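Chain nomenclature is as follows: A, B, C and D, assigned in order of appearance, with residue numbering initiated at 1 for each chain independently.
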């Protein structure tokens, strides 16, 4: 207990008088209440409440990563915020099951009253996308108009600001690029990794060439696949090629940041890398969960209005299904697994690196 | 499209300006924002939105059942409403996972500011309980004060009204009691069922007495169990005994209604009983889901504040755990399965009953 | 209790000795146990157990619908089977979360040992697809080889048989086509529906043309959209056009069956149509859930192996993502909502039809 | 790719021939297949598969903690194993929804054939309980016979061994007791914490005594509650009292281990404590999830067979409901929150402790 305060009443604390008065049925204005419009409103309001919470958490993470130097503690706290976002996403994906209890015929009872309002106009969701790191150029356009055209003036301002702030992607890119362990004393991660890859690929080639069980066709096929793999690694190791891949959108992280993300994944068992590894995994979870959410939404829309044009004037199903593929942010982290090498082939960390990655103090050392 | 109306804007339709302005952090007033208080508020607000929706659906079902005669169509519509309630319950149970991302230490950052507010004071949840059919006398008391003592005056009025209206339980009881098929022409369900039970129990007794593999102890044990089963059926068949069981709270439905519920379960494959059977099942689902929700809540509270007294002054964990057992409504429907008899032992319906339970028109008849 | 039998022991009943001895780690044969291979095996075995159960339910439904005439009771039973399939699908979609606790690096520890085995070779899943109604021609091919080429001879036989049996789709198509209510005495559903559509479209056109708030551009746009809608209905009403759309794959149900499906949806509140409506909804749920499952799987594969070729030699992510779109069965039921008209515009059913769709006996009539 | 091996076939790898041949319906032997018996078998087999996986993970964690000194890396790995167990628990809880699609009447079709087999006889689940740390004395007895009496001889041996091995609880207790930070140089955590508690309680007392808004009754009530809180802390600080509480079962961890668990919770933001904190949280999750699972199971049994005696001869619902309360292992970790003090009241860590809890190397230090 701190200082005395007036006794708090739960309904007042939650402002339920106002909160539960925000549901106005358009159908009532048109003369007949459409029972299911209440569900439509409340489900979308529940989404918006959760979006507010996700933004609250995401802004907290971004604030931590905006610092010049991000302390280990801060990574721990960021991880907690991201875990919460993932749990919230589980809930909002589950909400689609509730909305699907409304049948298409029930929706028809009030659908026309909503024109041209559309979930597309969820300001918070667009802010969320921008703050995560979706770039305007990457957005799927509808009827060739920019996405902000569908918003009111005051909302367009907020959108513009969110586009200009450093996104979670930008902050991650910077933070990864500063990782001290890429070059640590005499240890050069990139060099070591590259040698390990070369050894692994050479061994694979030998195995294919010498395998007595292969038919010539089989051998040729395997070698073709190996050559494709070699080409992927080549692009990774050649900074110029990598830069070109960045230009064409195949990669987005800086070369340095990509290396750091790879190091974190490959040596994630070292204590100092545990939290960074969790952080990367959670950002992938979040990306994946929004993809799931969009895709589930696309399926629901298909069911609700078939291939008709949505209330917002766009063909809802196709738009949502395509954003599920296109509105993604941390694709590089997914691509990374292409470059993983088995633990048995990983270069050993020299003792001074291993020491720096651990605690001075540990039960096993004491 | 109906009559012309001004174009609707999604944020306006959902009144997001107001909705997203209902989150006021008490901790901010005390000088330092507790990050997790936002989660606490938003989770509880999401609960309240969903409670509003559940009430919306439950009131719709009650309106249908308040009619003197409930048309078959109405049962179909009631079933749809109840299915939706079940889906909403899945979501609100899932929300507990989100709230559990708040650790006890984080909760301590603002917990004291909330005293004595408590989730106990959710008016909508209490209305929901009353409208389902929880009776004031059945409520677990806290500190020996009636539950409404914790509410503001205006809310006490609403609670009192909800206690006096016919609850879902009352309406179900009446509706079941009116079932025409208990006595249909020359067919007397209760008589037939009773004979079938007698035959079944006699056969069981013979099997036990004559089973050559039983040791005397085993036989004695089996006979004792059979005698207990016979006693249960006796109480069911003797209206006076049943009435006494109703008085002491072992049963709540009228004898007539209980018989109807049994008939519906045993002959649920007859077309006319399909929807009534679904209705009974869904009421059980809803009862069970609130039990799950309370129990999950109890576990969360245990984790959050240990065995400490909750912000509302009650020992949260124990209170919630006990309401999970005690605040149940449709327990009779659960007890019913005690009286089921295998399909092979069920009396056949005479043709005139079977005909009345089906459609005049069916593919197989045509 | 029936006839005496030897006491059953739970581990024997479930054959746990055998069941829990089916997990052989390939990595153990290669010298070092990969801890996560156990998870890989067990998750896939759990899938296969559930596939067996889904087949069990689906075969039961198909058996019911193979009958010359499907009694109302049978529809009720089919609905129960389908509800169970939907619940199982919820579980298997949830299992992906478990599999995702395996990281790509952990998978690398044993991935190569599995080549060229692949989930593609799940015989039960392919049988399931065939029995639902996926046609060989519709299947996404890999490397231009037919899907059965990846299976052992004995399994190819099973696949071939399943292709030739009437699928759930075929049985549904037949059953819908036999619906008696399309032409019932003097009532012709298709005629009535068509007139209602004409009235509705004419009214829409008038509203657009006369709306004083429309700019000329807005009006032109609205009229263009209306014309598109009219074209969709035209194709529906013209049997020749419809047949062409069937040839090109836009529709798959017979014209008669499609009409019946529409009737069931539009008049689903009539008692006799309740179960048929549930049946159609559940088939959509099942279709949608497999789509979700495939898509979730595609996302997991992306995460696990990036854009690499899967153990089966196919580019796993793309293959799975495309099957999510392409391996669908009941797309017509989803398209139906395009042709729904608001309840207020629906033709009233004449009394003799309404009577035939209800029970002779109902509380409200008695 | 490593050494050449014969091409693997998915159905062979998973031993599907055997796995899918382990479902033998007892009802078939009795003359008529009970359709739902397949579901009953497969659901329980899926449970057993997942139990095997949970044991696999739990054994891995126990192996890590059996070492004399547990390296930080090992804690990280243990956390990954536990996360997986939690995800598996989500799935097995979800499976209950599938089993609930079987109605009581359907269960009656084969229930008697199973007597006296019972889920109680799941050897793996009992092993799991023992390996987590449920003690024989703590087990709820049925009919006053020891739990192992229901098992076959060979299984009793396995149970006995599992009782004698160090359980997860024992290993945790030891590991916590060895925490170096309780006394670290001049820093004595227990001393500091105790002083902080004293200050906090004194302040609370003053606030109550001086609050001008309190009526005498209110003040008396508050003081009574404060006294109760003080008594709880007294027992914590007095080793003799604590030992007595251990004897009577109120606590189970050693005094030293409890202190360490408290330290980990209160200073969880320090890098070296992050993983230990996650570990404790996950053990609580696992405990809580088994409680949820048992409780859900209890509800299902109530619905399925009412208050009847289960196939195993025990009153299933009551037994399961009580084990949900009684078969818990990490209750001390839940009780801990009773002793948390707000961050603002926490003693600051001296620099040498803080340094030892961090990395030598961190972005912010470099």
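To be clear about the criterion, contacts are C-beta pairs under 8 Å (C-beta built on N, C-alpha and C of every residue); 3 or more make two chains touch, one makes a residue touch a chain.
For clarity, every value in this text was computed on a predicted model and none was experimentally measured.
Peer 1: What's the minimum number of touch steps needed to get from subunit B to subunit D?
Peer 2: 1
Peer 1: If you average the Cα atoms per chain, which one ends up farthest from subunit C?
Peer 2: Greatest centre separation from subunit C goes to chain D.
Peer 1: Between copies subunit B and subunit C, what's the superposition rotation on C-alpha atoms, in steps of 5 degrees?
Peer 2: So the angle, rounded to a multiple of 5, is 180 degrees.
Peer 1: State, to the nearest whole Å, the distance from the C-alpha centre of subunit A to the C-alpha centre of subunit D.
Peer 2: Their C-alpha centroids are separated by 32 Å.
Peer 1: Per the centroid of Cα atoms for each chain, what is the distance between subunit A and subunit B, given in Å?
Peer 2: 39
Peer 1: Residues of subunit B that contact two or more other chains, please.
Peer 2: 1-3
Peer 1: Can you list the residues on subunit C that touch subunit B in the complex?
Peer 2: Of all residues in subunit C, those touching subunit B are 1, 3-4, 69-73, 76-77, 175, 178, 180, 204, 207-208, 211-213, 269-272, 274-275, 355-364, 366.
Peer 1: Please give the residue numbers of subunit C that touch subunit A in the complex, ascending.
Peer 2: It comes out as residues 103-105, 108-109, 225, 229, 265-266, 268, 281, 284, 288, 291-292, 295-296, 299, 302-309, 334-343.
Peer 1: What residues on subunit C touch subunit D, complex-wise?
Peer 2: Going through subunit C, the ones touching subunit D are 1-3, 5, 7-16, 18-24, 26, 30, 35, 38-39, 41-42, 44-46, 48-50, 52-53, 56, 60, 80, 83-84, 87-88, 90-91, 94-95, 97-98, 101, 112-124, 152, 155.
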